[in-house]
């Protein structure tokens, strides 16, 4: 793997940055599918590289650990699923990570070693249900918490569970308030508003959507939320997935050529005024880096503060049920829940 | 006035359109400032022209009738305002229209004469308070209702009052469900969600924002709402406003050259998939027309229905207080109010 | 700074006051603009001086901490704002205080040290939106609560958010029931009536309006509410603000002379019968003090009790929505909110 | 009677006034007590004189017809009343006027003859209950309607009934929207707000309060309501009432000297900016005249519109029950009532 | 104080009464004016004495606590009031009781100690407005609720506010349904009908009317309502009020002789058939006691049930608005209000 | 028949009375049972006599024409009635009068001949249903209208129908506003209030109740309504009814002695202050006359106006359905009804 940092960005990123400035990197790279230890090794290499440029924050794509099973249909047709599909799911389940668990410990250690804030998409295993989750770590090597995707898209609803209101965190850190929304969650206006209300300043958008119109949403969110938006997507070719027949693409025997691009990336960093600071990159795996001047936020909020002076709470008010919802609750656990 | 219809559009717009298709025009033209009768004459000419191309829906910019007092500051500084500023306001107040009132009657008659749905930005006068309002008319010549801007931006807060939840209409018409959000209201996620919940299909966005980033928001809304977005802005030069000293631009003696472009337009029509159907036009006054295939909406909603299968109401719920709020209510008027 | 207490008042204020009498001081002094620590130092000196005369209650002007940006227009014109204006707002935002926060702690400590009830106008920072707020402290050094201005005037609407019904407090204290309305809020009859209904006895009116007609409103409120009215305004010269070009007055290059009076004060104390007890002072910075005989209230209410025997609730009734209104509510915070 | 028009006013009032200007006169004169026909004759002479100066609107004091029984106590003590007091009331009842009735017809005819809008305080007799009422007439000689005092003050509560919400009219006339509040009703903020909501432009305040603080309330109302305020009070000497023992003043044998001033007037006309246009006159009977430039209203409302852009209806809302309230309703009369 | 129980009654009242019989006492005694603690002491002595005869219900006169300011006129004449009158009101205001408040607690404790139902007239202080109120307590020492006089008579309108429909209670107790109407409220047919509709059985009529015609009304009400009527009035001499000049009687220097009877009592107990069971007593302070045979009620209702078989609801129907009416309502208090 | 006018009254009634005074007579005399022509002859003699004293108004008892079937039970037991009872009813039905009809014409002629206002109780026949009715005539010999008893008492409900809201008239006449309530209708507070609302000044109470407690109700009504009350009852001995067995008294063979008094009269005239002007007479047949000083009404209403200043319509309001109610309505008659 030879990652080329986006050149334009490299020029823009100078050493000795202003203390009110945060250097941030979005990682555009592919999972090593069905091989979680190798994927974690790759994550560490990328992290090390970003840290070497002075990055204080590194954002990985959706499902980087565990993988985004692009092109698969898990043998599902309405009313049935194949044995082969069941086998696929068993492998996919095995690639996921428990939270907490040893893989999470390893990610925390990495963040601490390279002294970066780390935001990374994983497939979380909670018993027999999987979740599309983003984990947050601080430079001291602590696991901070997680966001579970609230609403999977299309076929994702077959393989992932749905998050609830208790995992929409925004963490206050020394480099600003950080949170994440995954892929088409970014098209959910009420979810975004919940995050705006928590004061998000660095809005991470790990995704799997590489279409050009994705850029419009990223720019819009930066304007709407008055925040920096960091969107990170995988860049994958067919060969980044196992070859057929182990892994069948698009449910067809006539598979794609190994070098076919199956996810074109488009990772990008945008400022609160809607200015593109770095990216979008549709060329290959890359580290995309920019310096975020947090002082720009007040400039933009002066004219538009979506949950402040530009809201009309007496007309429009959003209610966020952020208690955990569980199918079964044991009364002995209630005290803990209410904390 | 010699308006040239956007050529690309003209090619795309063929006669004998599909019955499930709606031909729509957004008008990009300037108010004749301080002259409401002349502005209405101009509106009629533009409407006639659009109708001659077969348009069924015509959308005019924000404040087309009454005017957008760009560049003025009404002599206001913190803690004071000049006599000249008060005089300016008196003229501006005089240019506004009562709803209902004779100008509204004239607009209704125009819509009926040219058999179009008409959506038009006006400055509404309600006693001594003005509102930035959009009026809706049907091809039978009826006034349907109005939307009042909920939250004016910046200095607008000095000259316009604030709407409430009772004027966020979406009208069910033979050509689809039509509503409007004005300028930076389009950046209010809760307001948009209220309109999505009312089932909006043709989302009109009269605006005064001609910056390129505006396009990102329009595309995002089309994707988020799964609706057609029709954004209409004025194209104005300095000379479309009265000359100094009657009207001072940017609070400075050294005014702009008469031909300076002070609002560059950027009117656009976008489909639910985020495809730009016509525009944006930054060249001059124009009629921008496209055929809207309403069948595209279901295509997009299949994968993303922001208030349907892609919502999470048990976690995120929006409350819209849509009763009128009035400082004083007379009980004898209640029957009338409840109409 | 050499503050001369109003002489007529000094004579009137004798030591050994009646226990049913409250000695109150309104402060007429200027913010040290863009320098909040120095402004707090000045507040402490003024407080100490008032306490040395035996004052039990000290009322500071609107925006004393944070400053009233008189003469500025923050570079705003309709549809635009200058970069310089944005910079100004950034500085103004930086001068504001979080509530709670370190400046509030310092003010509480001052009130405790000098054993006075303290009512003081501040610019409150809540995320990226500012509010024009009055804070209340008791002589034991506790912060009691705050009032946020409900409706800013003119250009203030660009720089300050709008309060809601949850911050219209009237505090029951050993020296009477105390509340505050800021500047032209005092012209809002429904707001005043809400405060009368809460039983206000000492009505504080921090203001920025130095016009002679302000006195009429103060006298009227004393009569209407049957309460003492204490109006406190800044006395400022041009030189109390930064010099140009850092701070531009009246949007003009030809700035005012440094000694020009830009806010003439007019602070005053009025009894429930409409008698002026002290002030108005239009001469300079001053402490204006009077003894308030709370027994006068019942005398006046005997003939006119605006929310008692002189109301007609079956004909005219006011509804005050005093729950907090927020664009987003998190259910986990509800218990806390309802306190 | 030799009425001298206020000289300063006479100078100010020039012929050939601007068409947007209204010439208005407030009458400061005494009732001829217990002699209603003579009082009506006097009203006609005053009206004729005002009309000869070109007045379009003439406002008479509270209770001009029927009389304000100043200084009397109708022999009432708690738990008892004297026979003499009952006799006094019988005479007072006889001096009152039925509405409609012959005296009202005469007043209507006068208004028509002199072609003025007439606003006049009367004592209205409705069966055995009296009301302190203001009647309105147009220059075509039509009776327009009435306002009944909602809440009498002090001893007035013994002799007058209480109005309800159905008689708080504001009449739209060619010279502006006219209404009236009587004496201390002007201190009822909710009543004033009801009138503001009806769009009052010419606010008449017939009164019996001649204290200097009354002026503050008048100025405040002009500012608060953004309207012209015309306050009319009687100027009476002891001798304008019957001599003792028929009419006893202040419940004492030692009556006042015949020339003692028992009501000093103070009639005044104030503009929406709080500027005193004419009066207050404390010298004697007088006609006080000013030209009202209705264009000033929009100037003032631009910055403060108490029921428009400066209201906060979602926080503070007033309910006015303006249906007639009657102890007994006959269903057969309902159609008539609902008119 | 040497109270002699009415002898005829004493004979009639035998020990060991029938269980369906209620022994009731009406107290005829004077307030100790301007001395509320002493008045409460006196109330306790009277209660103890009544309880010693076996009384289960004790009814005190109107305004027993706080006092009925007979003969005073609070210095009021039309259009003015004296300083002395204002001072009188201040003292009177100070003698009133807050509800709830310490005096109410003491009364509740008394009722509990002597195990009687207690109905007592008080002057209630609600902020600066006073109300003429009757309080109800049960033998367990609980405060049950209150009735506020709806419409004060004559000069009372100057010193007391007006009750509303929310305080017309009838309490269901083990000894029957108990309510109260005060003084001339008993002449309000609609109010009585409201109480009949609530099923009143023991109708208490605390009063200040000692005229013989009062007896006719009491008998009529017993017949009309088919209920027991217990009327309690004070017996006062001039010397029960402070001497002049502190307290001036009948507004005259030539005051009454100290032993003059200024309120002659006339307290009485009447059965549903119109039979006088005890009293009227016009001799002096007294406890007037009778045994009420509740079985008589059904006898009378058999022939005349005013809200039952003898009503004509399809022709005559009374509407009672019994929600509280308040000039200002705070939404946060609504839950509390609805209790 | 030798009628002796009540002597005390005769003395009181002097000739040449005050023009504001009305001389009124209540007739206390018995029907000639089962002989309507003879009863009418007797009525004429009594009328002539009253007129000879100068009476302007003459009031006859309940059921004077047609008779009050005292002591009879019409053979009714629950579930059955005797043939004899049916015969009795047939005779009673025959003695009644149609309205209009020849007896009504005769009564009208009498009133015209003697130039008196005549109010007289009759049994009205409407098909096969009888009503207990009062008829009104003017001195010009016109029949004015009727009042039908709304609710018969006890056994009356078997022989008389129930009136409705359309026959509760109050007639405006030159001698005042006159109406009537019959017997225990006078105990219906809502009915009385309806009549008070119509402005009744001369309240006639034809009755059959001769118990002493009746006096209390009459006095109370005078006070409550602020009106003159004229109660007229029959004075009857057993012998005024047919002898047994034609007419059986009290359902017993052992009939009463012929001279037994079976209705003791008690007719009375009371002033608005509750003063008994004439009667009650329990001695025999009599004409009871008094002069009514209508000016007393205003004296009493000054302190208590039950439907004016002493009402609380916003709390207590009475609805009177005064349209005729009929079991069958023919649409062709509707226009007439709605007049």
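Points worth noting:
Letters are used for the chains, namely A, B, C, D, E and F, taken in the order the chains are written, and counting of residues starts over at 1 for each.
Throughout what follows, a residue touches a chain if its C-beta (ideal position, glycine included) is under 8 Å from a C-beta of that chain, and two chains touch if they have at least 3 such contacts.
Everything numeric in this text was worked out from a predicted model, so none of it was measured.
Listed here as common contacts of chain A and chain F: C, D.
For the two copies, chain C and chain F, the CA superposition rotation is 180 degrees, given to the nearest 5. Two chain pairs are in question, A-D and D-F; the one with more C-beta pairs in contact is D-F. Shared numbers divided by all numbers used gives the overlap of an interface; between chain B and chain D this overlap falls below half, so the copies present different residues. Chain B and chain C have centres, each the mean of its CA atoms, that are 40 Å apart.
Averaged C-alpha coordinates put the centre of chain C at 37 Å from the centre of chain D. Chain C and chain E have Cα centroids separated by 47 Å. Counting partner chains per residue, chain C has residues 81, 154, 159, 162, 164-165, 190, 193-194, 303, 306, 311-312, 314-322, 325, 327 touching two or more of them.
If you sketch which chains touch which, the pattern fits none of the simple shapes: not an open path, not a single ring, not a star, and not all-to-all.
Contact annotation for chain pairs lists A-B, A-C, A-D, B-C, B-D, C-D, C-E, C-F, D-E, D-F, E-F, with touch applied as defined. Chain C contributes residues 314-315 to its touches with chain F in the complex. Residue ranges on chain D touching chain B, taken from their complex, read 165-166, 193-194, 196-197, 199, 226, 295, 297-299, 301-303, 305-309, 311-314, 316-323.
For chain B in complex with chain C, the touching residues are 68-74, 76-81, 154-159, 190, 208, 249-251, 263, 327.
Of all residues in chain D, those touching chain F in their complex are 74, 81, 86, 89-90, 93, 126-129, 159-162, 164, 321, 325-332. Contact residues on chain C toward chain D in their complex (touch as defined above): 150-151, 153-154, 162, 164-165, 184, 187-194, 213, 215-217, 219-221, 223-224, 273-274, 303-304, 306, 310-312, 314-322, 325.
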